[in-house]
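Take a look at the structures listed below.
First chain A sits with chain B, and in the next complex the same chain sits with chain C.
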Partner chain A sequence: MITETLPAEKREPRRLDEGTIRNLGLIGVLVLLVIIGIITRPELYSDPAWVRNNILVILQQASAIGVVTVGMTFVIIGGGIDLSVGAIIALAGVWCTTVATQSFGAAGMIFTALMVGIGVGLVNGLLIAYGKLVPFIATLAMLVAARGLAAQISDKQTQISTNETINAIATTRIFGIPLLVYILAAVAAAGWVLLNRTTFGRRTVAIGGNEEAARLAGINVKRQTVLLYVLSGLCCGIAAIMLTSQATSAQAGMANLYELDAIAAAIIGGTLLSGGRGTIVGAVFGVLVFSTITNLFAINNLETEVQNMVKGGIIVAAVLIQQFRYQSLTQLFKK
Partner chain B sequence: MSALSRRRVLFGGAAVGAGALLTACTSNNPTENTQVNTNEGNDNAAPGEKVVIGFSAPAADHGWIGAITSNAKAQAGQYSDVELKLTEAGADAATQRAAIATLIAEKPNIIVMLPYDGKELNAAGIQAMQAGIPVVNLDRAFPSAAAYRLQIKGDNYGMGLAAGAYIGAQLKAKGVSSPVIGEIAGIDSLELTQERSQGFTTALAVYGFKVANRRAADFTVNGGQQAATDLLQALPKMDALWNHDDDQGIGVLAAIDQAKRSEFFMVGGAGSKAAIDTITKDDKVLKATVTYSPSMASSAISLARLIAQGKGMSDLVELQVPKEIMLSSETITKENAAQYAKLGF
Partner chain C sequence: MTAPEPEESAVPQGTEDQVVLRLHDVVKIFPGVRALDGVQLEVRAGEVHCLLGQNGAGKSTLIKVLAGVHHADAGEITWRGEPFAPGTPQAAMRAGIATIYQELDLVDDLSVAENAFLGHEPSLFGFTRRRVTASRTREILARLGHAEISPRRLVRSLPAAAKQVVSMARALSHDARLIVMDEPSAVLAHDEVANLFRIIRELTAQGIAVIYISHRLDEIRDIGDRVTVLKDGRTTAANLPARTTPTRELVGKMTGRSIEYVFPPGRDAPPEEDPLLVVENLTRSGEFADVSLTVRPGEIVGIAGLVGSGRSELLETIFGARRPDAGTVKLAGKPVRSVEAAVRGGMGMAPEERKSQALLLDEPIFKNMTLASFTKFAKVGFTDTGGERAASERTAKSLELRPPGVIRPVRTLSGGNQQKVVVGRWLLGGTRLLLLDEPTRGVDVGARAELYQVIRDLAERGVGVLLVSSEVPEVLGLADRVLVMREGHMIHESPAAEIDEDTVLNLVMAGSLLEGEPA
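After this line comes the complex of A and B, so read on.
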């Protein structure tokens, strides 16, 4: 597997194939969830207006976490992990809703959120690439520290956004579809192009597959690592604006456990936790599966704890399938 | 290589510039909004012997806990004979236990403690009491009566009852026979959330009503926004909604605006300033909120001072402060909002 990663062009057709199968599988899961929804709540699904709105609600609920997952997918493919995404969102959200930042208007708030995201990502990246900290530890430390700073800045209070432009992001619809969904689509499309059609993407796959081989092949592994965490931070900055707009406020506790949701979505989307492989489309489908499950449980008035158990089961199942496929592939090679 | 370092200098310069700009943006000037008793015309307020009060509360990032600590500080500031020793309780029960042990060693006259968890900090309370330091147990109750001198807490079950009674009465007055009622809870694994929900169900049952859909959020604004979005989608038509917590209520109200829904009325919980303002303005679905006021921290400081000075509550016959006080959960509506405005946090 390791040696295979480098000649990416040669592997392209088969990898695409496998990805397509997996994505079809995820679409199958989505269809199954919708069918369960139709069976359990036929009276709701018989109203076309409700169904249309429900699709938009599912997409909208997936939008912010989807953006985070795109960044997370890059980090994981590059052989890392970013546990600090929820904390970065909280810090960016809180920072961009302080009284001082709000006085600069919507542009100032957006600039601040993005800069905080990029800045924290940069610190993560430098610590990992040049400080030689294990990604798990570095970003875990950042998780704690960034939430602490967010609590410090907000004085543990909920900061209400009084900026109409920011608050309108969540309510704006273009051709009947929420702006938030367009943002997710744009980020996912940009992520897909970056991963599949640029040297940045190839380098990411290369350093995640085999860091040493990538280094010997002339890739600046350290710089690439830093950039990956910056990218993840940037996605968090974007998500912070989306969430702040949705809740018309920000607080240090926001985006709680987003890191786990984003990692889980990336994993069930077919990203290898050890790095070197993964797809953006799969990650987005992963987010949609979770968002659809939440919706299914909500319309059936089922308790959140059952939902969490089902989510856990799905993650385990996805990884088991991944391992099984991996093993059967390697066995094929041995023969 | 030189091109690269030039680029690095450029990027570095940009980063420093952005950093400088950002640090300027952390300045925050939230309006001070603490709940204090100014003690005018109260004999007990006359300066007495000096009291050192040790105070410990979780370092949570929720508005309510924030208000607890700032209220305690503000109330202590009202007395010339009180010195408040604040200890950060850190991030969990174990750290708070350690913080309490340090506090006991400093021998304050009395300790006011809002524990992470009453059961987990029970032993710490007993330890302090045995060291001869009376403990005022704030809000989250110690199971053992030996662990506190005074317990002052809110009424979670009563909160649910009040919300249910208000919703029941309103719907009955409107003549709705089988209403669709929604509920957005806080963190579901907490005992207080369960108590609130039980109270709510019990009160609704009096009217023969029940909850059609219940979503649990996490006491955060965006948790509230997401739970409310799900709930609204699940209930295309709703008559009434109870949201357990006004802080997450900001997110709930945002979700309601975003879904363009207004066919129902909503009741909040806790009694935040933002909620009371919205109720007063009467321009949103939020028509009432049931209190769970962090003003109890201010009262805890006042009573801790009295206990340490050996004084009683002047309106009562008893010479000493009673052992347990449970605040009643009051219903704030447009009619009495002005009266409660100063209690909003």
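After this line comes the complex of A and C, so read on.
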């Protein structure tokens, strides 16, 4: 019998499980990386104080890129892509550390960084939604243009931040945990709520899943598209402050290739590149996996070139595993 | 077969008892659902074998097993005397089974010719031979009676019916011995169906077997030789004679009940109120011209017309999804210029192509149902999934959605049940005017009666309905007032009670012969 004999709720959990299993898989990868760390540097891992500190280092390294990835995840779920995130960070970082901006104090600097992020995101969004440019092209052009403008403003110099408050952001710890990690946690939590509990999130999934269906259901697709790029820009503005504080300076080349890291983290976290599906939790795990790898290479004093190759391999493996898991899962449920 | 070859005429005719395909106890299990639960089927060369069954009975699943899309979990399939278990769609095609799927599976950004020969393009040393592909496609299209479709045109730009023709062309581009058609007539108008039947007869005369799925009993009587009935994944009757088996028996085997294909009883004319929708002189060049119409609250207005007569385009323009070249649309006195404005004003539309225009296939049913109304459930921007689910469950129940849960992804529903989700969307949350484009396409006999009742009830509650359907009896049985559209013009208007099916068909097909057609 097909229908009546099975209570409706009994056969629903599969979709939930799919997401949970993927996250468990990412946790598994994290555990694996730690085990590799223990095997390669047992003397470090025998010191609890070092281990505790190393965890904080990893989290701190993940914080800025994590914030960017949250914004990126929204854009990708909404059916787009934002290649300009690194460039927006550079422009926002440079703009907020000019002598003129710094004269307005910490609040002025933060305001400037956020407004630059929002402004550039708005231009991206308008070009894509109303100018009908393909997201890939529009944000690629923005990548070049924003970095160019950043170089122009900074005159290709590194701009030192002399603002104590800004510089203190990276060094402040609350209950022993860096403030930067709290910022990532707050952005991720807000992102999760926004995606899963609000009409904004529902609209995002709708336009990414089937744009025409969303439009014919009365959703303002263009406005939502613009808002998604603005959100991504805002995240970049936040990240710009975090990075500027960490380096106590900003320059046109900062946050290099962040677009790749953010996209990769979102994808291995289970976001469909074609839009319509993705999770914030997965994206954060994706970022953690990458920053743990970086850390693993650092504690073993290995070259970054090898590191990039390993990252590439992990991306491919993650996608392959996803496909395989989906199939085997369906297979499993048949029995 | 791209062209009937002369020696083919020696092949035994349809009446010969030559079984080409036999299914024994075939089982297919999806997570939590036994979609096929012991199917028997026997198809002879040169016959049209009809599959009948309610939405979700397993018809599409069955043909996907034959097509190599799904793999049977148990049972035996014998194809031309040998065990058969196609691993991939390509394998099934190579074995001589071509399939026209219920949901069109064309690549929008490829041309008609590229779609027709997708996967087996004529080629030389790895280079596709575009001219050969185009000319062979042209031949097939001509054979299908649609020489006007250019092989080079992008499929994206074609209307639904033409896409169906391209799907047919793809099936014919293979050298098939069995052609499976899953509700091919659902998107076709009257004369197109006649054309389809002509092609089917041509095929069967060559000894090619056809499996034909449709919810329209009259079609099955017309084209079918034998009927196999499925219910809940099982064969409940096999090899009934298509022409002589009484309707009551067929419906009984399908449903276990004895419902007939019925419309709700006629009703009094709705009160003479100010019109809810006023459309004046609406024009979009190349699609329709100078269309004026009104819909009053509680009134059901039906538009009859052929596919391609501009009906769907008209509905979409009224809904604000297309920009008119001239003319105005007013909902309760306010102009409608965008879909958002239309929806905010209480207008809803169930579009013609559910998969590409209406559904988020991977999202749960309830989120699809509330796609147009989730903001109404929400409080200060926060969605109320609990409330959405409860409301969706009620709607699902009133539409007899099967299976009844609302959390599974829409993708796992059968075609007819997906259609119910699309219609259900507008039953939620304050719709005042409902535009329905082929609302019962792919919906089975029983659920169809339910849907008619739902539409009537809506009208009783004061909702205005503008209905487009290729099925003239549907328009006549449901509507209070009938408009006839032909080649982009409204050529006739009259109360439904004062017009009969023949008159409408005449108008629809030969409208140009009539006197006094408004310019």
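One rule holds in what follows: the second predicted complex is superposed on the first by the 307 of 335 C-alpha atoms of A that agree within 3 Å, B and C clash if a C-alpha of one lies under 4 Å from a C-alpha of the other, contacts with A are read in each partner's own complex, and residues count from 1 in each chain.
One rule holds for everything that comes next: contacts are C-beta pairs under 8 Å (C-beta built on N, C-alpha and C of every residue); 3 or more make two chains touch, one makes a residue touch a chain.
None of these values were measured; they are calculated from a predicted model.
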First, second, both or neither for A:206, with chain B first and chain C second: second
Contacts of A:119 with chain B and chain C, given as first, second, both or neither: first
Residue contacts with chain A in the superposition, chain B compared against chain C: B
Contacts of A:246 with chain B and chain C, given as first, second, both or neither: first
Contacts of A:160 with chain B and chain C, given as first, second, both or neither: first
Partner chain in contact with A:298 - chain B first, chain C second, else both or neither: first
Contacts of A:218 with chain B and chain C, given as first, second, both or neither: second
Contacts of A:276 with chain B and chain C, given as first, second, both or neither: second
Contacts of A:39 with chain B and chain C, given as first, second, both or neither: neither
Chain B/chain C common contact set on chain A: none
Of chain A, residues touching chain B in the complex: 44, 47, 50, 53-54, 57, 60-61, 95-96, 98-101, 104, 108, 112, 115-116, 119, 122, 147, 150-151, 153-160, 167, 170-171, 243, 246-256, 294-295, 298-301, 303-305
Chain A partner contacts - residues on chain B that touch it in the complex: 15, 18-19, 21-22, 24-30, 59-63, 65-66, 69, 188-189, 212-216, 218-226, 229-231, 233-234, 236, 247, 250-251, 253-255, 257-258, 274
In the complex, chain C residues that touch chain A: 29-35, 37, 56, 58, 73, 232-233, 319, 321, 339-340, 342-344, 349, 351, 356-364, 367, 371-372, 374-375, 378, 381-383, 402-409, 425
Complex contacts: residues of chain A adjacent to chain C: 1-3, 6, 8-12, 14-15, 197-202, 205-206, 209-210, 212-220, 276-277, 330, 333-334
